[in-house]
Amino acid sequence: MLQADLTDVLAIHALKARYFRTMDSKDWDGLRACFADDLIADFRQSTGGWDEAQLIHGADAYLAMIAPMLAEVATVHHGHMPEIEFTGADEASGIWAMEDKLWVNEGSALPFKWLHGYGHYHEQYRKDGGVWRIAAIKLTRLRVDAG
Amino acid sequence: MLQADLTDVLAIHALKARYFRTMDSKDWDGLRACFADDLIADFRQSTGGWDEAQLIHGADAYLAMIAPMLAEVATVHHGHMPEIEFTGADEASGIWAMEDKLWVNEGSALPFKWLHGYGHYHEQYRKDGGVWRIAAIKLTRLRVDAG
Amino acid sequence: MLQADLTDVLAIHALKARYFRTMDSKDWDGLRACFADDLIADFRQSTGGWDEAQLIHGADAYLAMIAPMLAEVATVHHGHMPEIEFTGADEASGIWAMEDKLWVNEGSALPFKWLHGYGHYHEQYRKDGGVWRIAAIKLTRLRVDAG
């Protein structure tokens, strides 16, 4: 692997670290900065449908969905064991094992009080102006418990 | 550290990532490819005995044991905080913190319904034909809860 | 990033790995070796006060506090998703997501039987004589459950 690639691998690791930290600390501007403007987000396995209409197009649209949804929820998301591969000069893909816990406050519209899930993120990254961002994110689940 | 060593460290990280992902997604061919043919697997602390006869010799033997055992079990294995050291030109050792959860379906022969464990993997790696593989794996436990 | 920096990032990752492993295996000499002599440890969010007097000054003082406190406690600490930044030629800062579990034996003075927490370590590192050590550690919490 070239030295430039080693640097990029660690930069993508740090990008995903910021994703998790800003999500769980509700730093929505910081989370937004992790994404390319034309983000495609695929959480269809969690939300129950597989048609194209349930894909989320655009980082702003994703933030407009996730920020109010998590307003009354304490969250912990942890990522593990990245597999990063370069698919072009400024493009890479990655897989991360993940675990998440949600504790839902009174008054939230979410249909559960707590959730504990496990799965993998499958992601695409793009480097633009020297900065890596998440261009596509898809979550697959090994198991979800909720109550 | 030499650039070649940095590349090798990340390659070993990615190898262990494939180990976890293929295990939990029951991709047995993918898991088999993580191991050297002459794998030595030491799960004696989990299985209750410490005599030599309980070591597993060979990746095929390990797969022949683990694949049917986990057929009716949902698993999540997460690895953390690697410590990789080179012990030769094409040899390295590693320690990983780990946590695993098992949920056992009806009909399994396993003597518990669920298991939640914590511990460390102590491993040996060997590079053969440019490809790193796990040559030896040993699991020590900090704690195991089961019911 | 320079090759020297890549090496340092991985060295700091390995340092923190030793911190977790020596803590959970109660290898107090090994844990002491992770810290600079003049360590500043800030666990004030966990211990309930924010005045300067509750900061711990010195690695020896920290070990003198933590080792007896954990004598009758089984612990699992896991770290995730490092963000390392260099702040000088031989200085760096880091943030780590973390999760910890404590199981308290009979006879311990701790005011709970178990604890399960989540948060972030915010740390400073210093390289002295070619060896990276933790110079400052602060723990912030996303959530703590105990009973």
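Order as written gives the chain letters A, B and C; numbering starts at 1 within each chain.
The rule is short, and it goes like this: contacts are C-beta pairs under 8 Å (C-beta built on N, C-alpha and C of every residue); 3 or more make two chains touch, one makes a residue touch a chain.
Owing to the predicted nature of the structure, the values given are computational and were not obtained by experimental measurement.
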| item | value |
| --- | --- |
| Contact graph of the chains (line, ring, star, complete, other) | complete |
| Self-contact between copies chain B and chain C, residue sets same or different by half | different |
| Whole-Å gap between the CA centroids of chain B and chain C | 27 |
| Sites on chain C at which at least two other chains make contact | 3, 6, 78, 80 |
| Contacting residues of chain B [partner chain C, same complex] | 1, 3, 6, 9, 78, 80-84, 95, 97, 99, 118, 120, 142-143 |
| Residue ranges of chain A in contact with chain C within the complex | 3, 6-7, 10-11, 13-14, 16-18, 20-21, 24-25, 74-76, 78-80, 101, 103 |
